[in-house]
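Below are structures written as structure tokens.
One chain, chain A, appears in both complexes that follow, with chain B as partner in the first and chain C in the second.
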Partner chain A sequence: MSSPLLAAVSWTVPTVDYHGLAPEIVVALGLCVVMLVDLFLAERSKWLLASLSGFTLLGAFIPVLTLALDDGGARAMFDGRYVIDDFSLILKGLFLLAGYVVVLLSTTYIEEGEYYQGEYWVLMLSSILGMMMMTSSRDLISVFVALEFLSIPAYMLAAWRKRDAKSNEAGVKYFLLGVFASAVMLYGMSLLYGVTNSTLLSDIGASISGELTAVRIIAIVFVIVGFAFKVSAVPFHTWAPDTYEGAPTPVTAFLSVASKAAGFVALVTVLYVAVPEGSDVWQPLVWVLAVLTMTVGNVLALRQTNIVRMLAYSSISQGGFILMPLAVAAEGGAGGAALRSVVTYLIVYAATNLGMFAVILTVSRKTRSGEISSFGGLFGYAPALGVVMTFFLGSLAGIPPLGGWIGKFSAFQAVLEAGTGWAYAIAVIGAVNSVVAFGYYGNVMREIWMRPVPDANTMPIRTPAQLVLALAITTISTLALGVLPGVALHFGDLAIFAGAFAG
Partner chain B sequence: MAAAVVPTTTWYLILAAALFAIGMTGVLVRRNPLIMFMCIELMLNAVNLTFVALATELTDINGQTAVFFVLVVAAAEVVVGLGIIVSIMRRRQQATADDLAALKG
Partner chain C sequence: MDQLRDANWVLSVGTFLPLAGVLVMLFIPKAEEQLNKAVALLTALATLAVGVYTMTQFDYDQAGKMQFVAETNWISVIKSTYHIGVDGISLPLYFLSMVITVLVMIYSWNHIPSPGNPKAFLMLMLVLQTGMAGTFIAQDLILFFVFFEIVLLPMYFMIGVWGGENRQYASLKFFLFTMFGSALMLVAFLALFFKTGAESFAIPYLVENGGAIAKNTQVWIFAGMFIGFAVKVPMFPFHTWLPDAHTQAPTQGSVILAAILLKLGTYGFMRIAIPTLPGAAVEWAPWIGLLAVIGIIYGALGCLAQSDMKRLIAFSSVAHMGFVMLGISTLTSFGMNAAVFGMVAHGLITGMLFFIAGSVKERYHTLEISRLSGMLQQVPKLGWILGFCAMASLGLPGLAGFWGEFPAILSAYNPADGLSEEAFRVYMVIAALGTVFAAAYLLWLYQRTAFGEPNPEFTGQGDGHGHHHGDGHDEVHDVNTLEWIAWTPLLVAIVLFGVLPNLMFKIIDPAVTTIVSGFGG
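This part shows the complex of A and B:
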């Protein structure tokens, strides 16, 4: 048997497209600068680090725009292992903007805490860099590395308040289950590699067709189960509520929006590019996951009294709606519509959920409480916050003309396009769940508008400038996406994988 | 004299599957965070063994490349994981996964 090492002697230097990599390079340089500057700053001027991180993310947005305006088509590097196409650019933009809003949310929270600040920003930027790499990865190895690159800093962020038992617990639960999921996913990947003799997703897609052997089925199932942990799909969701409640609130916003979206990006890439022909295996699996995720998430959200924990279950249930079109993505022409709806939903969900956390952070600066009852009478003493929060709750519930509505609409549209019995079944279950979800969103609305203020403390809330900006960005996006649904759907339309996917 | 037994790729794959199964059982059964973490490392190394065995069988370099990445990432995970576990142990000696129940519902 000849050594595989000898087979690889003819090695050519790969060409690197620096324009294509520019967004990643900007973030990588930015995080190095933040790390170095942190060493030389006095404690009272640490606020500079937040601005520096914010500017890094906005700066990286410029090459994303120039790449989007460049009509040269998709750019592939390293034999198609790293691809910059419309899909990846839209999601890179989403991660950068979501990251920027999280920076705004974190600024006052981090400054007022008694923990190290520099590390927080460095970890946040590295996690965002991992997410950006995830959108372009088209190879098992780069998908794995990007997934770990975004997860490992997130474990540390969850445990960032290291003298707080709850934060520790959040970190250790997230870490153990996250690493366990990676191991399961990797085992699936190693089997995929074994049956297809390639780690390149498009090669795997070309090899897997026809009869599905037992090994192929196990490989596909293991990979999907690994991703199901990352997107906190039921029954692999157990870490999510505990981690969301225990982690610092801005980190929770980050995990529930960006980290979850990155998990979906990985899942979609693998399903569409690597195993489109394995749909007999993954369609039923994703169907069951989607139904369980939206139903269990909803039912458990109904009985929560802590708002962050309620949002954790709500975000699990929203994940079920994102999974829903994927459960029928291989039927007829539903693939394109399903991909479009996933991207649309992720954009809308990011705007709404980040806004929700912005309100919670602002209000809890006054009430120092995470209970839903602490929002009682909010409209009375902080009318603007009350109205804005109602918008976000309505958007999460999917009420037109708010952003969440267009996300749900495109998800149902994709499912109905498939038109099979299973598709109609999941559409009915989804519709019932949308109504149930109004139970807990409506409950918070009732607190805001109709209940008395719990401790009769009606001092107005002082909102820091960064939170005002975050609230403005998210409110405008949520309203604009709902009133002008064409915007979100347009981005969804662009999001077709170059070359690898036709349908 | 019996002929020398030459291990084939199948042997390695079965060994890897067994290691993976042992690691997985360990994570699900044991309650000490450190032991659970060791079991996860066992699972990752089972993956490495699978990759190497398959790379040799297929005479392809990619499987061996994957192992390097898995090793490096696993090392990074150890650093982070031990950091988090130590910060818990420092507060509470002998903590098991069942004691970590401040957050529930």
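This part shows the complex of A and C:
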């Protein structure tokens, strides 16, 4: 411990707020227990591990609740480098619940596929732990560590079907591009540190203001580009479709929901806390990214015949809608609305997209196919699944009263609150895109309702209990968030980060 | 706004009762077709009963005011409330939506279109009913938007699953057109919200404060709403989805589409676009009027070119909605009165025409006008009803259609202050010509289908016994009991409102006067 950094300051033992860290501690303990128990379990009892992982995530949810009910205000540790505020609690809750649903989705898949089970759950829990840390990190180093912590297990999970070339391709592609993105981002971060002499985000925010020198601009751009890879924004999206298609379907669900959300969390934290004054640089950049992302994602999704690939492009396009309000977040009073919109969107998107994957997993148990045409006539022989899938598709398309509309709505609202010419322009582009999106969502609906069953195989689909539970959770959330959008918006209505957008 | 009635639950019950029926039907197996139909019909009847009760409790002396107002928190974070109420404009349309749903349910008793599955079909119809009724009572833009969108998916499936040969194309076209409009409409709603100080989405609030927005901005916001509503109406040149949707939709879908869904657009103009943005309305009115008369002539010419009866009726809708929009575009109480009356009348008459088309199709398995003839001989009752409706549709005095069309034309003679009299008088002349065309295409349709000798193809005497044409359908039979039950209320209403138009005008007028009070019309 002879780092010059530490030598410079007199070392005092930091106070650790164990209540504040309880959710992370529970997951970390659960992770260790799963790893240890795995060693002593016979092959046929491995299913215990899934339950154990699920309970760990639900157990960690309890301290999140107690922290949320505690009125003590935000808790800061390590000189404000690790903060537990409303923003982080809501997202921790989201990651835990989304993680729980992913566990439900994975259980039968992992069991029946004869994959390694113990390692799978350990990696999944690690990744979720990284996401939880991400929500609280307010320092370049902890942001980076959290990002790697959540990404590295995900690289391995993507390649879990190791006997399948596509899955290997998925893992390798995800890994290489992910590492490349990390390197770019790290370079940007080192520049940020170089010009501000601090890694604490709020310090950086305080020193970056006024005139922006070239090096500051480059630093901001590089950091954003790094995150753009994580959230698969166009033109940094090329890994997403291949990875999504090749990875095991539950992992794809995990990547497209939780991992993507974590990327947005990091992006929002850095934009709001570290470089709010650099908005002249990042607003136009995010604007372009958002427009490209929603448009290109949509257009490519229209051409897909594989449902998971279609969802990959759809999720890229949805990412564009999440980015949209950030493109004008520094205008007028739009910062708060933009933050609310991002959080709200992430919540409804998580519920809907996970539900969609639950249906896909269920249906593919029978059809053994990933083609959109394999959904033909679903309504005829499995009306419940057909209707539920229609809900999810409608929700992603943003049709009230299904959840997705409130995400889209709050995004438009934030953009129009900014009220600049750029804001109106992106609002109209977004509106047109939300119509185009129905082209492919509607296409799946058409298969489900109006097309004949392929092979006339109308054998009913057996849905395992875990998938039923996952479908129930996601369907109810999707409907409830749409009919009572106040709930989601209330979660998104956060006190804005300290130091962001003064005034 | 003071609450005129304590009974402000009636609107919520009337709107959401159909969903209760849907919930019950969820638990009835698909195979229990009769039970499903019965539950659906009972739900629709119960809803109608609530509607009737609403009619009896409505204070007709204060039809210009919102009544049964209920207001509670809904999405407080974005300042949107669950705010509902009816006045003289909403009430007729709200009630009409309930009546039409019941009649369509009755008709569905033995007319479930292929591929069957009455459970799903009727559930969708009930959801549709909630969306339609809700749109007419919503007093909050976000609530309005939600209801406005709720109707989309059920209609999409109704056309796409139970429709004709080209159903998938037609349903997607319907959906994309409408959604495109409503996406821009939502952006316009939000712009309006922020430009009025981001205080509230309540329509009364926006009506009060919208006028203060700079005119140039108003014109742009109006543009967004215009596209949203004009697609729904549909106005020329946004009408191209309509003929496809109507032609492909099952009879029930066509009836609901014509009778209610199209009115969501015109209603939106009257309730939201024009009152909240009066400055823009004056700027836009001449263009709306122009598109309206183009629609009248274009629709009529379109009718003359059709060889399919259902498609012809669909094009006639474009023309009729043109009259409604012409009335609205004058921004006078006279024109608006005509417009609301026109909406209801068009709902009754065109709804009826689509019912007839459905029954013709069922009997003859074709709607090719050239193959039909001699209906008056073969199915005299159906033939006479068709004649009656054609007369009503072309605006014969004494029947309901007249009171929508004639005053609309007349109102263009004297538009509101600030609108060009010359332009509107030209519109008036063109619209008047349109009525001649209407007479031409409707009478020609009637002549070709009803007069003359029945086509031997369908008489069953062609080549003797045992050598029936085609799929060997039964003998063509005349109007049956169920059809009588479903149709009589519409036929009676067409006559009743034709003879006593004041029954409706006296409800509409005070409400319309409130809307146009800003235009000095």
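Everything below uses one rule, namely that the second predicted complex is superposed on the first by the 488 of 503 C-alpha atoms of A that agree within 3 Å, B and C clash if a C-alpha of one lies under 4 Å from a C-alpha of the other, contacts with A are read in each partner's own complex, and residues count from 1 in each chain.
FYI, contacts are C-beta pairs under 8 Å (C-beta built on N, C-alpha and C of every residue); 3 or more make two chains touch, one makes a residue touch a chain.
This structure is a prediction, so every number in the text was calculated from the model and none was measured.
Contacts of A:Gly246 after superposition on the shared chain: chain B is touched, whereas chain C is not. Chain A is touched at more residues by one of its partners, and among chain B and chain C that partner is B. In the superposition on chain A, A:Arg309 makes contact with chain B only, while chain C stays out of contact range.
Once chain A of one complex is fitted onto chain A of the other, the partner contacts of A:Phe175 are limited to chain B, with no touch recorded for chain C.
Once chain A of one complex is fitted onto chain A of the other, the partner contacts of A:Leu191 are limited to chain B, with no touch recorded for chain C. In the overlay built on the shared chain, the residue A:Trp449 is in contact with chain C alone; chain B does not reach it. In the superposition on chain A, the residues of chain A contacted by chain B and by chain C do not overlap at all.
Interface of chain A with chain C (complex): residues 340, 379, 383, 390, 394, 397, 399-401, 405-406, 409-410, 412-413, 416-417, 419, 424, 427-428, 431-432, 434-435, 438-439, 442, 445-446, 449-450, 484-486, 489-490, 492-493.
Across the complex, chain A meets chain B through its residues 1-5, 7-8, 140-141, 144-145, 148, 152, 155-156, 159, 162, 165-166, 168-173, 175-176, 179-180, 182-184, 186-187, 189-191, 193-194, 197-199, 241-242, 245-246, 304, 306, 309. The touching residues of chain B, when paired with chain A in their complex, are 13, 20, 23-24, 27, 33, 36-37, 40, 43-44, 46-47, 50-51, 54-66, 69-70, 73, 76-77, 80-81, 83-85, 87-88, 91-92, 97, 100, 102-105.
Considering their complex, residues 30, 73-78, 120, 142, 145-146, 149-150, 152-153, 156-157, 160-161, 167-168, 171-172, 175-176, 179-180, 183-184, 186-187, 190-191, 193-194, 198 of chain C touch chain A.
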